[in-house]
Structures are given as C-alpha cells and as structure tokens.
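You will see two complexes here that share subunit A, one where it goes with subunit B and one where it goes with subunit C.
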Partner chain A sequence: LSRIGDELYLEPTESGLSLRAVNSSRSGFASFLFAPLFFQLYEPGSAGPETELFRCKVHMKSFLGIFRSLPSLEKSVGKCLILLKPRASRLVLQLHCKYGVTKTHNLAFQECERLQAVFDTQSCASHLCAPARLLAEAVVHFPPTLAEVTLGTGPGGKISLRNYVEDEAEPSKTMVTELWLAEDEFQSVAVAPGSHITFCLKEFRGLLSFAEASNLPLTIHFDEPGRPVIFTLDDTVLEVHLVLATLSDLQSTSQSPSTNGVSRLPVPSDDFADDLESYMVAMETGEGGSERPPSPTFPLRTPRPAQREPQEEEEEEEEGAVPGTPPHKKFRSLFFGSVMTPGRPGAATTQEVLAEDSDGE
Partner chain B sequence: MRFRAKIVDLACLNHFSRIINTIAKLAKTCILRLTVCKLYFILSDKVANGGASMWCELSQGNFFDEFQMEGVAAEHNEIYLELVPENLSRALKTSQSAKAVKIKLTNKHCPCLRVAVELPSLSSSSRIVTHDIPVGVIPRRMWSDFREPSVPDFDVSIYLPVLKTMKSVVERMKNLSNFIVIEANLSGEMNLKIETDLVSVTTHFKDLGNPPWASEDGCQSSAQGRDLESMTEACIDIKKLQQLLAGQQVNPTKALCNIVHKRIVHFILLHEEVSLQYFIPAIA
Partner chain C sequence: MPFSAQPPASGERYALSASLDNARHLSSLLRAVHFQDHATCLATASGLRVTVEDAKCIQANAFIQAEIFQEFSVQEESVMFRISLSVLLDCLTIFGTSSLPGTSTALRMCYQGYGYPLMLFLEEGGVVTVCKINTQEPDELLDFDFCSTKVVNKIILQSEGLREAFAELDMTSEVLQITMSPDKPYFRLSTFGNAGSAHLDYPRDSDLMEAFHCSQTQTNRYKISLLKPSTKALALSCKVSIRTDAQGFLSLQYMIRNEDGQICFVEYYCCPDENITEAEL
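And then the complex of A and B:
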C-alpha cells in the first residue's frame, strides 16, 4: 500500500478490516480486506442508523514505522492490538512482546470520507489468471525504472508485455523490450482478441511482490484502453484489489461517459481536464460549490503510432502501415465516489467525492 | 547489409554478457564493428569521452554458433554500428538461463539490433523476449575514424598488479583526489600516487615484471639504453582508471600497461578469447 500512496485509510466494516490507499494523481487505488477470521478478535464497533462505522486515515510512514523490521517482529511479538479511540483522536497500536514488554504506539489520525474507487470486475471484457511467479518472471526483463508497460493479446493466444515508450522520447533512441507468454502458462485466459492496455508498472510491482510472497495467483481484469485495470488476489481471509488507470486511446473510445458500465465523472472538456492549475485553484477556493472539480489527469501526451501487429516470427520486411494521424493518449483518473450507487452514470454529479485536502470534511 | 547471429551455449553466452558489461562500464556510446571473423567495440578519442579511447576485439567463432554477416559492399564486407552498450547489457542480463539468443540487424522504423532470447518455460512453447536496441549505421566514409590505434612509442611497459588489489587501492584514492599519477620503471616497480593540499598517498608495487616487446628494427632501442630504475609517469583522470578496473569481472590472462612519459597510458587486458585496449591521456 505504501507503494501507492502516502496515507493509509483504515475502514472497519462488518465483513472485515479494510486497508486502502490511493495515489496522488488518483490513478491508482488499492484495498486489502482482512476478513474477521483473519483476526483473533475483531470488533468493528457498532453502527447506528445515523452513524456509520468509524474510519480514519493515518500517515503511511508512521504506520509502517511500527512494523519496521519484520524478522525481529516475528521473533519478539506475540500479539498486536489495534484500537481506534475516536475521542482521544488516536489510533492505538499495541505490540505485546516477549518477556512482558508491551510497546504502545499512538498515532494521530484524520477523519475521512470513504475511499472507494468504483470498478466492476464483472463488466471487464478480458480476464487473465496467473501464478504470481509467472508475472514476476515476466516483469524482471524490464528495467526497474520503467514507468509504464503495455499488456496485450496476440496471435495464437499469446499474451505480450511491452515497455511503453512515451512519444516525447525519440523512438530511434529508446530500447523496446517485448515478452511473449503462451496461453498455457496462465491458469485461465479469457481475453478479447486484439485487446491491449497500458498501465503503470511501478504500482503493479508492489502488488506483485506481495502476491509472490503469499503465493497467491493473481487475476487481471481489463477492458478497453482508458478503462481501469483491476488486479485481484483472493484468499480465504484476504481480498486484495489494485485498480490502476490505463492509457486511453482517444480514437477508439468515445468521449461520453455512458459507454462504460462503470460510472464515471462527466468527462471534462479537454482544455479543462489538462489544466491542472485550474483544478488546484478550484480546490482551494471551493469554486463550483458542492460539485467537485474533476480529478487531474496526466498531461496530454503527444501522439504515437498505432500499435503494430505483433509478429511471432522475425520479419524484417513486412510492417503494418503506420496511420497518418496517430491518436492522442491520455491517462484517465479513476472515479472515486460512493459505493452506494455503482454502475449508474447519472449518479456522478451527486456523488460524495472523497476530500483529499483538509478543507473538506 | 545483413547480420544474423546465434548463441546456444550458456557458457559462451555468459562470457559474452560479461564482456558487454565491461564495455558498458567504459563507454556510454560506442561503435560495434562487425567483420566476417571478428567483432570490435571501439571508442574513439573524442573530447566527449574525455580523450579516452578503447579497442576491444573478439573472435566471433569463440562465442557464436551461427554468424552470418554481409557488409555494405563486397569489397567492404564490414558493418559499423553506433550503439549504447548498456542497452545490450540489459538485454542479455536476464538471459542467464536461456535456451538460445539470436541477434539480428533489422530496420523496422529505424535500424535496430534485435536480441531475441528464448527462455525455458513450463508450457509447451518457450517464452520469447525480444529487445530492440536502436543503432546508428556509420557510413563508409567515416570508417577511417575508427581505425585500430597503434601501440604508442612507450617509455615503460609493465605488467599490472593483481587487478582486484589495484581496484581497491584506486577506489579509495578516488575519494581523495580527481587525478592519479601512475609511475613505473623497467625494474618491475610501479607506484600509484595522489596528492592534494591535505594529503598525499602512494602505494608501491614491486616485482611486477616487464613484458618483453620484440623490437621492430630496433626502434625500441630507446628503452634499451634507459636506466632501469628511472620512473616514467603520467597523471590521469582517476575516474577513468577506476571505471576500467571496476568493469573487469574476470581476471585477465595478461594485464599490462604502457606509459609514455606525461602523455598517455595504454592498458592492455588479454583474456583467452578477447583483448581489450584502453588509452587514457595524461592531464597536462
């Protein structure tokens, strides 16, 4: 979670404790839901008809600092108690260690709105399931600093991973690495042929190391470019979701929000969406009243040639024609809103959007 | 112009990777010259490189199971490519368990060296990773810029001390000074010296031995008449020396250097299948 964001959101629910994080550009969201069975004792508190279960967010670094050295923790800590004290404004973490030593950490928290990215794995056209090790072995061929990677499907049911080259970079200077995986290396493959998505590799690597360590298979749900990609890990006591925005291919996706089953904010006009400064101004002055301005998106990228047909055999002469006017590419931010009304595009304007800054409550 | 090569043997592949790693540490960009029998990695002494130059030569037969090359023209059956060796090094880095590696010159939207690594996988078909490394083709008229440098008329030629020792000495000296003086004589003695306002450090090596150079028409007579004890020295950029030593992943069969007094130091590192020459000019 720390690879995604700087703040850790804790949300106790009836179905377990949910830990979540979102990145600063709102293009990445992760949640870990620990079922009550995971804990020795789980008391989410009581929610009345008027009040919801209490939730808060803390600084990621403060929280992580308590669990700094895993090997020594494993040796010395017997129990860990997490207690939310709303009246004292403290999140208490108590480590009960050997020899009667108890370490109590009191973390300051901030109250927050529910953090929930709206996504629906069922509405995705393509699904892939693979052991974490396969994906880890695939990702190792790319440099650790690589920002984005393109996952695609090719002929013969093969799945490809390719480093995404920004068009600002000169194509004649950048090395392109492409990896092909056979269908039978995956546990399950149900993909729309010819589909591809580009997402941030850095944020994915975090989940991948977790998956590898816990030896869980990873499922990837994706759809058209621009719609978020959802990575899930499932266990009897743990449910993990990582939702990442994908680069949209403006030529193929229409601008209207209703094309997607997932509700999203009304797509802002291009000039406003790219104008990060107006967004910042709007947030500060509270312009627009209750309606939140759209989340910032990544800056418009210069056009890039359409992805060429992947070839298995080496073919130096044959080359797909590069279209004359390549499409614009842009990351869309994820939609964040109330989980109460998923899947209804019209609900967008009345959603309560999570406040990032302290001026919201 | 065509080039296709294939390595199947893992030991050859690892050895080739190590050589590329060494080259990558010495040069950001260099020239790869391909001939029917050999590969050369060349760095010419431009100002951009700080005046250092490199010539690395290997016989393709020692590494490749298949090697086919067609140069620009029949009488000039060679190919000169400019590339970033770090890219090649990265492409080969994860090929340690590969079944085969194929390298091919292609020209899709721009000239590239395509490195295709066939990796074993649990499924019926292998995993293929391809790396397209952009290269620049050097036109024939510029080939004369990249001729093999001649051995300078040196004052002293001496075998280097154990590279690992020399490397750790130089690395510590690098923290204190930007320049290092290498001095040596014909009695097998070498000193590495640094001097700053605060401190001067000298490391002495003895009994290194001086390689015998066959005199060509007696033109090495200048060395014969010399006083065996007198030191020849050159002051060079310590970073360049450190890069050279740090890049050596395997101990060479022979390692020596030729010093031209206050002009240039010429390092020769010989392995069984590859020779590397590195020239570091002296700072005035």
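And then the complex of A and C:
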C-alpha cells in the first residue's frame, strides 16, 4: 500500500478490516480487506442508526515505522492489538513481544472520508489469471525505472507485455522490450482479442511482490484503454484489489458510454481546468451531454474537510471526484463518485456499495 | 615480538606504560563512548578510565582494568591527560577494523608525562606502526555524585531485551522518558515523536529482568540525542544496570565481556531534562 499512497486509510467494516490507499493523482487505488477470521479477535464496534463505523487515516510512514524490521518482528512479537480510540484521537497498536515486553504505539490519526474507487470487475471484457510468479518473472525484464507497461492480447491467445514509450520519444534512442506469454502459462484466460491496456508499472510492482510472497494467483480484469484495470488477489481471509487507471487511446478524446449501460458522469476533455469547482459547474449545467440531472449524491459545494454529519456520505463522493489530467500523462483519474441507475442495483462490485441513494436509507 | 622501532629501554621512566596483546580489547570499549571528539584519560594502578562528556549533561566512562593488560604500570599515583579520541581510535584500528579470528593487533602504549605525546606501537603480522598523539590539559570533569546509597530505583536487565528497543528509538522525539515503579508499568521507556507516542514496557517478572529494586515511582525525561550514543555500549554488553537517584540523575552501567571472556565496564551518567514539563508532553 505504501507504493500507492502516503496515507493509510483504515476502515473497519462488518466484513472485516479494510486498509486502503490512493495515489496523489487519484489514478491508483488499492484495498486490502482482512476478513474477521484473519484475526484472533475482531470487534468493529457498533454502528448506530445515525453513526457509521469509525474510520480514519494515518501517515503511511508512521504506521510502517512500527513494523520496521520484519525478521525481528517474526522472532519476537507474539501478537498485535489494534485499537481505534476516537475520543482520545489515537490509533493504538500494541505489540506483545517475548519476555513479556509490550510495545505500545499511539498514533495520531485524521478522520477521513470514505475512500472508494468506482470499478466493476464483472463489466470488464477481459480477464486473466496467473500465478504471481509468472508475472514477477515477466516484469523483471523491464528496468526498475520504467513507468508504464502495456499488456495486450495477440494472435493465438498469446499475452504480451511491452514497455510503453511516449510518442514524443525519439525512436532511435529508445529501447523497446516486448515479451510474449503463452496462453497455457496462465491459469485462466478470457480475453477480448486485440485488446490492450497501458498502466503504471511501479504501482503494480508493489502488489506483485505481495502476491509472490503470499503465493496467491493474481487476476487481471481489463477492458478498453482508458477504463481502469483491476488486479485482484483472493484468499479465504483476504481480498485485495488494486485499481489503476489506464491510458486512453489518443484517438478518442472522450469515452463513449460503455456497454454495461451505467450512466456516467460527463467526461472532462483534456483541456478542462484541473479543478473540481469548474467540473461541478459543468455537471450542473449539463455540459458533456449527461442525460440525467445531477445526482443528489453530488451536491454543488466546494469540497471541505469531511465532517461527521449524516450528510457525510454525500460529501465523500464529491471529495473524490477529481477530474482527470494529472501531469503530463493522459491517464484518466478514477471516478470516485458513483452514479448508479436505479435499474441496476447489481452493478455494484463485490465491494460494498459506494454511495447509497439518499432515498434508499 | 620483534619491533624495528623499539620503545626506549627500561632506563627511561614512563608515567604510563602498558602492553596489550589484542588492541581490540581497548578499541571496542572506546568506541562505545565515542560520541565526542575528545576524551580525558585517567590511569591509576587499577587501570585506565576514559571519560567523554557532552553539554555538561552527560558523561560516559570506559573502564579497562589493569588485569586486562599484559603489562600495566603507572609511576605516579595517577596520570591524566586529554586526547583526541577520534585519532586514538583511528590509530588503534590502523590495521583495519574487521576481526578475523586468529589475527589481532598487539599494542604497546607509552606516556612520558605532562606535555609529552602518547606513543602507540601497533603490530600485526610483522608490520609495525608507530603513532604519536598529542596530549592536552585535562578538562575538569563533571561529578554526578552518584553513589549506591543515594539510589532510589535500580534494575538490572539482560541487554538483549533492550538492544532492539534502543536501536529503534523514535528520534523525532526530543526526550526519552524513563519510568521506574514498584507498580505497573514497572519499567517503561517512552518517546513522544511526530507520529505519536510509543511506550515500551518491561514487566518485573520478565525473563530479561535480573534484578528489580524499585521503591518509588519515578518518571524522568532525558534528552534523547544525549542518550542515543549509549546504544553502542548496549550492543556490546550482556547486562545493563539502570539506576536513578532522588534528583532523577540516571546511571547506566554496562557489563561487557571481551573476546577472551574478561569483564569490562562502561557507564553513562545523564542529567534529567529540566526544560520539558509534564504539561508540554
């Protein structure tokens, strides 16, 4: 998670403890959901009708600092207790070590909005499942500094991996590495022929090391260029998702509505101001051809720090819906808002519902 | 051992002369107190004491008893001089710091007296190095006036339990707070850094606890930057005794066993940090 973002979001839920991170351009999101069975004891606290289960975010570095030395942790720590104390504003991590020694860390946290990316593995056209080792061995051929890689499907069901070279780069000065993997090296292949996606390798490497270490097969769900690619790891007690934005094809300046019929927010074109306010204004005025009036989940407000009110859930979405155009790459940022047509309640992913209609409560 | 540059014959009287078969017995101990450039050496019939101080708040002493040396003679009652500890260590380890089994650097140390340099003759594998290090007027040393009768709380721990803790201390914290008490938490080390606070608790019945004599609950804070160098001494030691007196002065005594199984001591004394009050923490 630290390869993605600088802040660790902790969200206890009924189905387990979710640890999440998002990158600064909101084009990468990862979540690790640890089922209650993973723990010796799991008490998410009680959510009343007015309040939700408490969630917070902490600095990634502070959290990681506690688990600094893995080998010595394995040798000396018996168990770890994690307590979230909202009233004391502290996240308590207590390590019970050998010889009766107890290490207690009281971390300051910040209250935060719900962090959730919009994605749906079922709506993806292509799915690949491979042992982590296969992908790790493939990725090792690329230089550690490589930013983006293109995954494609080729003739004969072969899968290719190629480093992404920007158009502006001089052909004579660039090195292109391409490797092909046979279909039978994968555990399952269900891909749309001729498809390809380009995503950030650096953020993917983090997940790959985890998958390798835990010996879990990695599933890749992808669709057209521009739609996010979703990597998942599944285990009896752990569910991992990594969602990365992909480069859209330069030919298309706006995304055509995808085939799953989910109505989308108007996609900002590349020369849109990089600023939430103007985006919201565009939404309200119906620019971009949205066929629906602005959803009640997007009240027109300038973003402000999330406050603990019943309205919180609505504020979150707005907080997250940052229009695209991060720096020089043409990645779309993942839309954190959710606009669900009432007729498709099942469009939600295996994740929890992103935003309930306010009438639904 | 053949020296091409022989130390002068015994006709000359040296204020201090000593021989050591394995210079590491000295250099490793000196490294454990090397947090300042200069040190004050005091040689008496019982051995050599090297003192390093900082900020008028902290003092570290390395004791190498006369018995550790193959030869140790001090002419007057005591001989004292100030010397660059960095240079001394560089000379003692002139043949390198890696300790291959079987090889060791032999040392002969001579000091003629006030105003004279300290002479070191080092030999390893037939190669001899002669070093002359200038000496200076000894500084006046702090007297912490720490004697066993004034001790309020005392514990002796196996160093193994503290080593990792000290190495991983949150250095963004200005202080290291030490709590010693006959009741819970018994012995606690706390830091208050940027990420939040951290507490390390050692129960009195822990296997690591060799002795536990706490009569009063005391919490004292010490500047962490001053105590951090003691990690080196902790790393070398097998046991450490932690004592505080009524004023909150801290005494850390490290028992160090050298390669030949001989025991040496290093001790650190530290004043409590007056500036930080309870309220600020």
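Convention: the second predicted complex is superposed on the first by the 264 of 361 C-alpha atoms of A that agree within 3 Å, B and C clash if a C-alpha of one lies under 4 Å from a C-alpha of the other, contacts with A are read in each partner's own complex, and residues count from 1 in each chain.
Heads up, the rule we're going with is that a contact is a pair of C-beta atoms (placed from the backbone, for glycine too) under 8 Å apart; a residue touches a chain by one contact, two chains touch by 3 or more.
Keep in mind the model is a prediction, meaning the values are calculated, not measured.
Novice: Going by the contact rule set out at the top, does A:Ser172 touch subunit B (first), subunit C (second), both, or neither?
Specialist: first
Novice: Does the superposition put A:Pro155 against subunit B (first), subunit C (second), both, or neither?
Specialist: Touch partners of A:Pro155: none, neither subunit B nor subunit C.
Novice: Tell me the contact category for A:Gly45 with respect to subunit B and subunit C: first, second, both or neither.
Specialist: Neither: A:Gly45 stays clear of subunit B and subunit C.
Novice: When the two structures are overlaid on chain A, which partner does A:Gly194 contact: first (subunit B), second (subunit C), both, or neither?
Specialist: Neither: A:Gly194 stays clear of subunit B and subunit C.
Novice: Now for A:Glu185: first (subunit B), second (subunit C), both, or neither, which partner does it touch?
Specialist: First partner only.
Novice: May I ask you to decide whether A:Val140 touches subunit B, subunit C, both, or neither, giving the answer as first, second, both or neither?
Specialist: In the superposition, A:Val140 touches subunit B alone.
Novice: Which residues form the common part of the subunit A surface touched by subunit B and by subunit C?
Specialist: Touching subunit B in the first complex and subunit C in the second, no residue of subunit A appears in both lists.
Novice: Which bits of subunit B are touching subunit A when the two form their complex?
Specialist: Touch residues, subunit B against subunit A: 84, 87, 90-91, 94, 102, 104, 106-110, 114, 116, 121-125, 127-134.
Novice: Can you list the residues on subunit A that touch subunit B in the complex?
Specialist: Subunit A residues touching subunit B: 138, 140-141, 143, 171-185, 305, 312, 314, 316, 319, 322.
Novice: Sort out for me which residues of subunit C touch subunit A in the complex.
Specialist: Within the complex, subunit C touches subunit A at residues 161, 164-165, 168, 170, 194-203, 205-208.
Novice: For subunit A, which residues are in contact with subunit C within the complex?
Specialist: Going by the criterion above, the answer is residues 59, 61-62, 65-66, 68-69, 72, 76, 90-91, 99-108.
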